[in-house]
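In the two assemblies presented below, chain A is common to both, partnered first by chain B and then by chain C.
Here is the complex of A and B:
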């Protein structure tokens, strides 16, 4: 019955709201006294080789290390500007955009007992986030110095005006603070703490048994009053995608996040007593299903051809069939669930095969005798089942308009090289992430001048001076409203010129036993610190 | 004994060129796969061109393939397997950590398929063409035709999810603090399903081989002679017919060890057993060439060692073989 709701876009939203309500309400209504102690066992599908979130700002790393190493602020459903304080208690930007002042939490100690001070923040920002971090290299590129007038104040100084709005939006994913005293000597990239992180978080890193599990232990001297509730968190490594559902049913694990239980299993497992399927808690981690286009290819450099491809894709069908309803059709490059920047005021490409065919005829690519206009190579990213399945769908959709797409399936390393380094593709299917601000990891999808080899960036040889101009201007616009206006303009231009085609966007699904409480209570729940999570006996 | 020692020495010397060919072949094969360790790493992290270049330099991937192969062979000649960039640890440590799990899994599965397979083979071969022979032959073939991962999944759904008799995955209870006998029992309980899944598939091979061998042996003159001498049927089956059919099975045992190593990749993934097979898969996915070479080297040594043991066993079972080895 749920599936019937999800035929239209509004239907999808309504459907997921029903889903949400059905799982979230009983939890709120209960509001029991949290039980202290116990072990939470969750599924992990990969073992990141660097667990330092200050260097590798990625969800795979955060999933484990966010409980150990804390950022300055975390995302929140009801906090001001969508933030809740963590290591910083307040933050304020100067009017000229050249400095941001953080007041830091007092009485915080590292897991090895040393006090946490502003020197740690200054060190992390200047020695790690700016030079070494995959995302920090962009956001903190103009960070010049961090003044530490006292132990609990850190003042970030920028060489060029930097929008405070951007810094604020970047706080949850980009600002994990690591201890200076452990990192100041020796090579940061080779530091042993990268594999056994030391932080200020509610849990201490206890052990990692490669191929088996990670174990975190309660930090008894955590700054949060009476937190954490749990004694232990264990991440069980389950590489097989079918394993997580079985382990949940057999009560060997309590929770599987990041859609570790495949979408196809959700309907069945949601009927198992004692297990809930939860789609909440990923609002700030929106993944986007995108058709990447190689503009070096003569046919694809023609806007009419790109428009034709956009019209050939039935987004509703993709959401219904590939994502089984657990996604939303995209309207543009900023996802629908973004509260600050999103606009609907952009050109739309309705599913219309006749129009697509007409556009291709107009562009001067008539069908040959065998019904084909031209052939191209299509490379779906292997990272998700859904990207691969959409690749197969797209091949069929293109066949309808006379484009013969040859599917090339690679593993992760080969895909990275083929698409982002060698540009040996015509169309690719990618899953970039929207991280709360277009400047963090979204504008690079269309911006020109990005060196070869950078994943999830414009490697299609696309160049649009007007768009580059808007991106550059927004990067130095301090007034939040003016900045938002620029990014709305940006969304419109992208939808108009189609440097890439946004098809759908999805958050992940958490499947948990009902004994686990306080699940999905913030927009980055899976990668937040789980201090208030507890397990019913 | 002297004969066995000579055999071992000859085999070891003969193994060196084999190992060298295996190493160079694997290296070249992995070299032609698109993408390198940095590509595999950057996929999960993202990063810009500067970072990519720095990593390539740090991991020595900026050198030509031939230089890297030469460096690897040089350190190998000093018995150094090198350092894994995936695990940031010496490769030998990583492999030795996983090897016991794989050996345990493979050893138990081989024992199961060989033991049960030949026993059922005797049952079937005692009376070729009978109902139980047909039943066993067809049943075992059906098992052989089942893909390993599917059998594994069915076993977990039935025995872990529904009946909850055995743990669903892993090699032992996580951070249980068990030691000694308690731990051994815990590991045993975890091994039941993966061993069954791996062992049942190869069971058919031994069963059918035993059965065929026995069916042939029945037609031999010495069986007729034994019957004529009035020896009991049971004794004829076990002492005369089965024993003669056993020899090819031992040969199969050696050959099968390599196959089993391949099958364990699938079973280790389905049951989340941290073994060598899964490690090899991870090494390929992360393009960790030295790690993969290390695994293949260790596996090759393992297969060579097993075949050596089989040969010695063979010489013991059939004196004619040993004699020809010694004079050759």
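Here is the complex of A and C:
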């Protein structure tokens, strides 16, 4: 058995906290006695249909259900390897990469009173994370069995060597444990607990009034000593982003996470007494602004055309204007704030319209009489204001190089279907998330052979055997340094061949009233359990 | 006194005509004053109005010229509203004539279909149609026409019911004309004037529906529309309210102009009748 100490995520996260720090007003944790009780009211901008984080590993779901259903470990600013224990108290990987042993927390009960045991972990891993979860499908693909020698030990057995580094990085987002006794009968996807989750977390799911609110109430028998502090968390559904700022000022809500307050409003609201703008607490959730490319289109299959598009985008302008400075220009497929895998040693595409035009001439697409070389369809993802605005910008940037891009606006469901199932796009703007390890949700953007319909994956028909080879090799390379070297190679090859174009990366902004304490104290704060959060009277 | 002269003598008519003339001029002049794509980036983002005289009304969040947007947006509003009014009047007149002239089962079936369309709120119908078919200019026109053709259909039918009993219609029958020929050659042209009076109402409604659809993100994203400009400005309503106010004013003035012109026309017609 070996424990891996070589890479400290402490340094990584400390460094990345600098990102966006210009507007951060992090509160200094004072030695103040937490007040017991009280209700925290936060803004929610969407109402996910399925609240089971074990099936749908996405931030929209975690935002609510992470308080109810817990993972094996949570991200942490100062924990070893950037982790803090939750349902697991320790984890160890074997030298051959074929097993990982978790010691589980004792004395934990589900919200319905039944004890939490290793059987629940085994069931969640084998029946949900591996076959059903959007991200678990990739990370746990070689998971063969989970042995449960006793009630508080779970041993994951893999059929092929699986890097312990990857499993560790995947613990916070991928390992929400759900109760076996509620899920073992019937269709897991149709289980009523998907809409009213039952977990071990500090809060119990109380009710959901569609279009109005979600209410969570204190779990009095939570395993954490004297936790949680709050009696209740209420998520007020405020789909209108402009409304969140007003509600904060009117003291109707205490906190709005995930940039629910529009970026353009932050400067103004930061001057309102009693309200703080906080950019900390999203370090492990880096969103990437990406131009997705359909390589089935003859023109886009040509590398010169893709290079021309990359040269046509002014990343500085995008960061300054679309994100109002609350973002960083991308250099490649791994975000700058990741210090484990990130490398600058990749080809760069400077903003250069003349060069882009020359490349297109060279590629054999001269301007016709009307100044246009060819036309294509551009589908900006509707999830964020910024993705939509970047779509409008990209249309103009492409017009400068003679590409006539027709914008097609869809709602979220229609966009997913058009891009990821029907492939009815030429270019799309997407916001994939980097989750601390390229193998979790990043290599899938490039890898070939992904079935149709998997969101945020390579659905552009791109195929590069060399890159597929590197991805496959890294997936079974155990030595962390060798793995990092492979992923650096991966970044370089991606930047060379441009299967997609990375434009910018951003974390989110939390706006909170100063009465809310212990905000943003871990790198996934908005999607962590909030057991230690409290509200000053 | 000519009719136009009389029309301009009514205060409503004069004000309406002035506003409409301005609107049409702005729409027609757009490509001359602003030959570039109005969606192109013209300057720094969020420039306030009256700061830079090359961008008199300022710029939006991406640095697009607001004045160019107003000019080109007028074109979209004009095109959509005229096309939608023409389409709904054409469809309404045909359906109304067929129902009124055909009578019996044809009338029953066509008028029940009309009723069915009238029971659904027009805007909801347009909203549903655009969200299913997908937003583009043609679809928006069709969606507005879909919700606006019932008024012309009912008026046309009422007119046709009285006209079809007239002597000249009977004589056409005796002359052996085909019933459809009678309906569209003899009856419809005479039934049309009161239907056309609805045009101003439909145009005004079409401008508003188009703006509302664009506001909800269901307009054609490749064109500037006033509704779309208001919607984009809404995200920065607190820090840059002019982005919503300027196109809002344009919208109000245009719709007001159309309504006033319509009122003026009614007034003129009423005076003419009382004079006669």
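Assume the second predicted complex is superposed on the first by the 509 of 537 C-alpha atoms of A that agree within 3 Å, B and C clash if a C-alpha of one lies under 4 Å from a C-alpha of the other, contacts with A are read in each partner's own complex, and residues count from 1 in each chain.
As a working rule, a residue touches a chain if its C-beta (ideal position, glycine included) is under 8 Å from a C-beta of that chain, and two chains touch if they have at least 3 such contacts.
Values in this document were obtained by computation on a predicted structure and should not be read as measured data.
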Does chain B (first) or chain C (second) touch A:242, or do both, or does neither?
both
Who does A:409 touch here: chain B (first), chain C (second), both, or neither?
second
Can you tell me whether chain B or chain C touches more residues on chain A?
B
If you stack the two complexes on chain A, which partner ends up touching A:265: first (chain B), second (chain C), both, or neither?
second
Figure out whether A:448 sits in contact with chain B (first) or chain C (second), or with both, or with neither.
neither
Applying the document's definition of touch, where does A:127 land relative to chain B and chain C: first, second, both, or neither?
neither
Applying the touch criterion given at the start, work out whether A:89 contacts chain B, chain C, both or neither, answering first, second, both or neither.
neither
Now for A:399: first (chain B), second (chain C), both, or neither, which partner does it touch?
second
Which parts of chain A are in contact with chain B and also with chain C?
242, 410-411
In the complex formed with chain A, which residues of chain B make contact?
33-37, 39-52, 58, 85-88, 94, 97-98, 153, 156-157, 160-161, 164, 167-171, 174-175, 269-270, 272, 274-275, 278-279, 285-287
For chain A, which residues are in contact with chain C within the complex?
241-242, 245, 262, 264-265, 267-268, 321-322, 382, 385, 389, 391-393, 395-396, 399, 406-411
In their shared complex, at which residues does chain A touch chain B?
41, 46, 48-50, 56-58, 60-61, 132, 134-135, 137, 189-190, 195, 207, 209-213, 215, 232, 234, 236-240, 242-243, 246-247, 249-250, 252, 383, 410-418, 421-422, 441, 451-456
Taking the touch rule as given, give the residues of chain C at its contact with chain A in the complex, in rising order.
37, 39-41, 45-46, 61-63, 131, 134-135, 217-218, 221-222, 234-240
